[in-house]
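Each chain carries a letter (A, B, C and D) given by its place in the written order, and its residues are counted from 1.
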Amino acid sequence: MSTPATHFNEREFVICQISRLVEDRYVYWVGGGGEPLSSVLLAKRTTAPNLQYLTEDGVVGPEALVPFDPLMTMISSRANYRALQWGTMNYAADLAHLGYVDYGILATLQVDRYGNINSTVVGKYAGGEGRRFGGPGGADSIAALAWRTILVTDQQKRKFVERVDFISSPGFLDGPGARERHGLPPNTGPWRVYTPWAMYGYGDDCQMMLQAIAPFVTVEQVLEELSFRPALAAKIEVLEVPTEEELLVLRSQIDVGGQVTDRGRWIELKDGQYQLVQA
Amino acid sequence: MSTPATHFNEREFVICQISRLVEDRYVYWVGGGGEPLSSVLLAKRTTAPNLQYLTEDGVVGPEALVPFDPLMTMISSRANYRALQWGTMNYAADLAHLGYVDYGILATLQVDRYGNINSTVVGKYAGGEGRRFGGPGGADSIAALAWRTILVTDQQKRKFVERVDFISSPGFLDGPGARERHGLPPNTGPWRVYTPWAMYGYGDDCQMMLQAIAPFVTVEQVLEELSFRPALAAKIEVLEVPTEEELLVLRSQIDVGGQVTDRGRWIELKDGQYQLVQA
Amino acid sequence: MRILEEGKSDYFKVAPDSYREFVRDHKPHRMVSKLITHKEAVERFVHDGDYLAYDCNYFQRGPSSLIREIIRQRKQKLWICGKFTYVACALLVEGGCADRIDIGFIGFGPWIARAVREKKCTIYEYSNAIVTLRLKAGAMGLPFLPARSFGGTDGFARSGCKIVEDPYTKKPVLLAPALNPDVAIIHVHQADEYGNARVFGTGIAHQECALASRRVILSAEEIVETDELRRDPARTSIPHFAVDAVVHAPFGAYPGTVQGYYASDPAGVVEAMGAMFSGDFREYLKKHVHSVASHEEYLEKVVGAKKLIEIRRRETIREGYGA
Amino acid sequence: MRILEEGKSDYFKVAPDSYREFVRDHKPHRMVSKLITHKEAVERFVHDGDYLAYDCNYFQRGPSSLIREIIRQRKQKLWICGKFTYVACALLVEGGCADRIDIGFIGFGPWIARAVREKKCTIYEYSNAIVTLRLKAGAMGLPFLPARSFGGTDGFARSGCKIVEDPYTKKPVLLAPALNPDVAIIHVHQADEYGNARVFGTGIAHQECALASRRVILSAEEIVETDELRRDPARTSIPHFAVDAVVHAPFGAYPGTVQGYYASDPAGVVEAMGAMFSGDFREYLKKHVHSVASHEEYLEKVVGAKKLIEIRRRETIREGYGA
């Protein structure tokens, strides 16, 4: 039941990576949709059928009916179908404050060495000169209160910066102890950053460390696409590609319309090597 | 529809007094049972059919089915029947904080010149030497948060004291401004104190003032039954006796078993005078 | 209890005492009928310069028909509570109604940077959870509530929050200032004519929003008897005494969904999102707001019966959405 | 934010960080069956010296069968959360189980003064609302919540509350310390084997109590399928991950009522109140606790089928008490 796929795209690759982290025994808080929700829905249909997740509108443990209509990932009957409990936003925040959220999974716009997240403005804040985005939304509480935060973003130089232009949601701020000094609960923070090309963790110094890469890129290619140099793990692992079984579920049940995965480049197995298909 | 009664007891007298204060247009918070609840239920069946009240368990606007089983004034199906809303204790407290509670009605054990309420201990607190009672219960929040508090107690020297042995629930504490200094909202506090013999209000000095007496006692008799001398209103009014119609409703619908009213002395009209029947 | 850090932004004034007085003097403690039209409700209860909160958003059980009516009446200088929002803030700013936003999450696009650059709009930075907590503080009659998020962000510095030393644990803890909006608009599944209302399913903060706000307009898919509500009091989400106006608004959340009643209209969602991402709302506002005089006319002429039947058909789930 | 006044009493330690760690490490995040007996639940989850919270009381949808089991097992040195209570505190103190009480309201009588005089029991003074607010703070993962009552009382001085200068309004405001009990016992209408539970009707603080407490024992009138609960998720009052044990306890609130299911037994109420007012619990405890080994035996031998049928018959209201 585990056949390595030979043809998939970057988005599918990263969703499958995160999906495999997700275990039955934990409670998750998932961002509004996109890769985070797809990862959890995939896990629930493959390795972790009893997995339960929370969303920002206070839904606890739904048996979501996919696919959803566009944007209908919360406060909609299909997303919230046959939940164990329905609450509200403040209820979801209470559960997160209490420490019930083992993992928060967040798609981010820009991230820095310390895992700080920017979803507010790229460029200068003052005077509206930068490019403005939507604000932290629910990500701030996930990043502050989940025990471990898993970030998902693209492997692009402009997305991995030395210091984000605006900290919308907290990573390790400026290093050890900073979260606690600003009132956040201890022993929380970024845990993994996933891109279609790589996976990063964090050392005791709260700084990003490259831990694994996709089989279709080199470490050098990855490092090209960061605007700072992260620490490197003693041994850089190679991430496993999606299986045919995962892709079948993802494509036929979860993202049928391609709303989430229909971006990014394709990868194929060619001459015994996984390679990015040139556009 | 208003025939002065000729035979009633002290408890019935005081319930009818309070019932007449109760108007349709206000929201009330009522203590656990006894005279306060009886007064409200009587008003709802006589002068104020649309009156709504809250209780400590968060019931909003019930159409209570009387009589209740003993003690079953909250979290019971008859007391909470066909309410507009069901909540919890914290919800009731929220509404009180917000200023929705126009009147709180409280039966009290001991009260002082400033309207402070003792339901904790009569006598010395330390070492358990005094006679211990149940504590403030829900009365503390009513006394703190209702716009106007109506107290009900017996006209007995030991119940009207210069200073209560223990402030369980706040009256005016030690005078003007004291409530605010201790964090209570402004323009709140005791408004009336009712006993079977008299009605008191409060002056600008926050001290109790005798305003009216029952037709079956004299001012002197009343003053005998306080252990301090209250201010006297310029004109002491005489309270109107219960009507036959009120008593019919009270006896046949509200307190059928006499749980509330079966205490206190009887009054009868004799020789054109209302008189306490000698035991 | 030392103040360790303070946000430096202006914020809507915290005043629990004056809110209490407002409740005492102006909230309808008595059960009186409040059934009026969209037009009258917005005329009477939304004032220029108000702080406005809406619950949910233009696509998800939000008061979309009331948002359109506010724009239609060209209300001005509103300060809006922009949490959990795709297009509502954009419509209110570009419709000329709002010039300040407390942000949790809003749908972006070129409109927002332009509005800020042109000084048509001032932004105050929060997060969805902190804005919603502020409403909760307002709904509890308190001046603030503590939280353990938001500290350390750049939003904090541009907010009304503070970090103090918790007198119990001696550790830093965030305080979020209470929010008591001047007016709230909330879309519900069912209400009686007095404003006792039921919301089915999950939500953002309908109860908090109603209890925290000075004036409250409900739009309701269905008007039901009070006796119907009394059969199941645990389902009552909002009590009448918090409510000033009840507007019968079938399909009031269109193009959004009302869970259990009708699905969203994906084409309608895409049309609104398209206007937002292009930064040009002129066509959208003309067609969806100004071309008609009322919600009824909007449903008749712009949306049409066929669409209404289709979105009702497309909502195939009932479980949990009825009493 | 200056501290203006402080209660001088000991209070159960405020520790949101350690509570979070407990939740992470010991709460059952996974759905596992938790259906066990009264005996096993109390043996495993109630420890000598625990801070114990019960929801409601011995007469009103309270965990009466679990209270009897705790006394039967002669648990000791409990610190109990004595809110909204007629006889539960008296039974636990006179049963030899409890030696500290946070008081909101308790049924009194000679027992309490005697217990205090003989130093068998220490009292800490709060009110129903403040104790319940403390549980709410505990259920929100916060160190404290503000309130605008309780200041100025003599109870305040004997509590763990503080009055601080509100940094927003500059006025004095009370802070109540969070309460995270070691163990909570809660009686519910329905639960599944995992601990997802429904309470119908009004209540004191069942949800707060469950979310605030390290260990949670539910006793349930009915055990239902999880799929039944999923049909109406708005009715779920308590989520499974807060719960450690589910005990099937039909008539678990006897002699009290469970709204919609059965009435109280007035004779049983009077018998317990009589013991309390006389200050002599020996007969009561012997008959109602120690004469039997289990709740099942209690219903069979002490209460009897006739009484059970009678109290069920006497509850004639169903509206609102079913999903």
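Descriptive notes on the structure:
Just so it is clear, a residue touches a chain if its C-beta (ideal position, glycine included) is under 8 Å from a C-beta of that chain, and two chains touch if they have at least 3 such contacts.
Bear in mind the structure is a predicted one, so any value in this text is a computation, not a measurement.
Where touching is counted per the definition, the chains common to chain B and chain C are D.
Centre-to-centre separation between chain A and chain C, using Cα means, comes to 29 Å. Separation between the centroids of chain A and chain B, computed from CA atoms only, is 60 Å.
Look at where the CA atoms of chain C average out and do the same for chain D: the two points lie 37 Å apart.
Counting partner chains per residue, chain D has residues 16-17, 141-142, 147-148, 171, 173, 201, 231, 233-234, 319-320 touching two or more of them.
Contact with two or more other chains is made by residues 59, 80, 82-83, 86, 96-97, 185 of chain B.
If touching chains are joined by edges, the resulting network of the protein chains shown has some other shape, matching none of path, cycle, star or complete graph. Chains touching one another, given as pairs, are A-C, A-D, B-C, B-D, C-D.
On the side of chain C, the complex with chain D involves touching residues 1-3, 14-17, 141-148, 162, 164-169, 171, 173, 175, 177-178, 200-201, 231-235, 319-320.
Those residues of chain A that touch chain C in the shared complex are 56-59, 65, 69-72, 74-78, 80-83, 86-90, 93, 96-97, 120, 125, 127-141, 143-145, 166-170, 173, 178-185. Only residues 24-27, 50, 52, 59-61, 63, 80, 82-86, 94-100, 102, 147, 185-187 of chain A touch chain D when the two sit together in their complex. The touching residues of chain C, when paired with chain B in their complex, are 16-17, 19-24, 27, 29-31, 139-142, 196, 211, 226-227, 229-231, 233-234, 236, 239-241. Put simply, chain C touches chain A in their complex at residues 5, 56, 59-61, 82, 84, 86, 103-108, 112-118, 125-130, 132-133, 136, 147-156, 163, 171-174, 201-208, 257, 259-260, 263-264, 266, 269-270, 273, 315, 317, 319-321.
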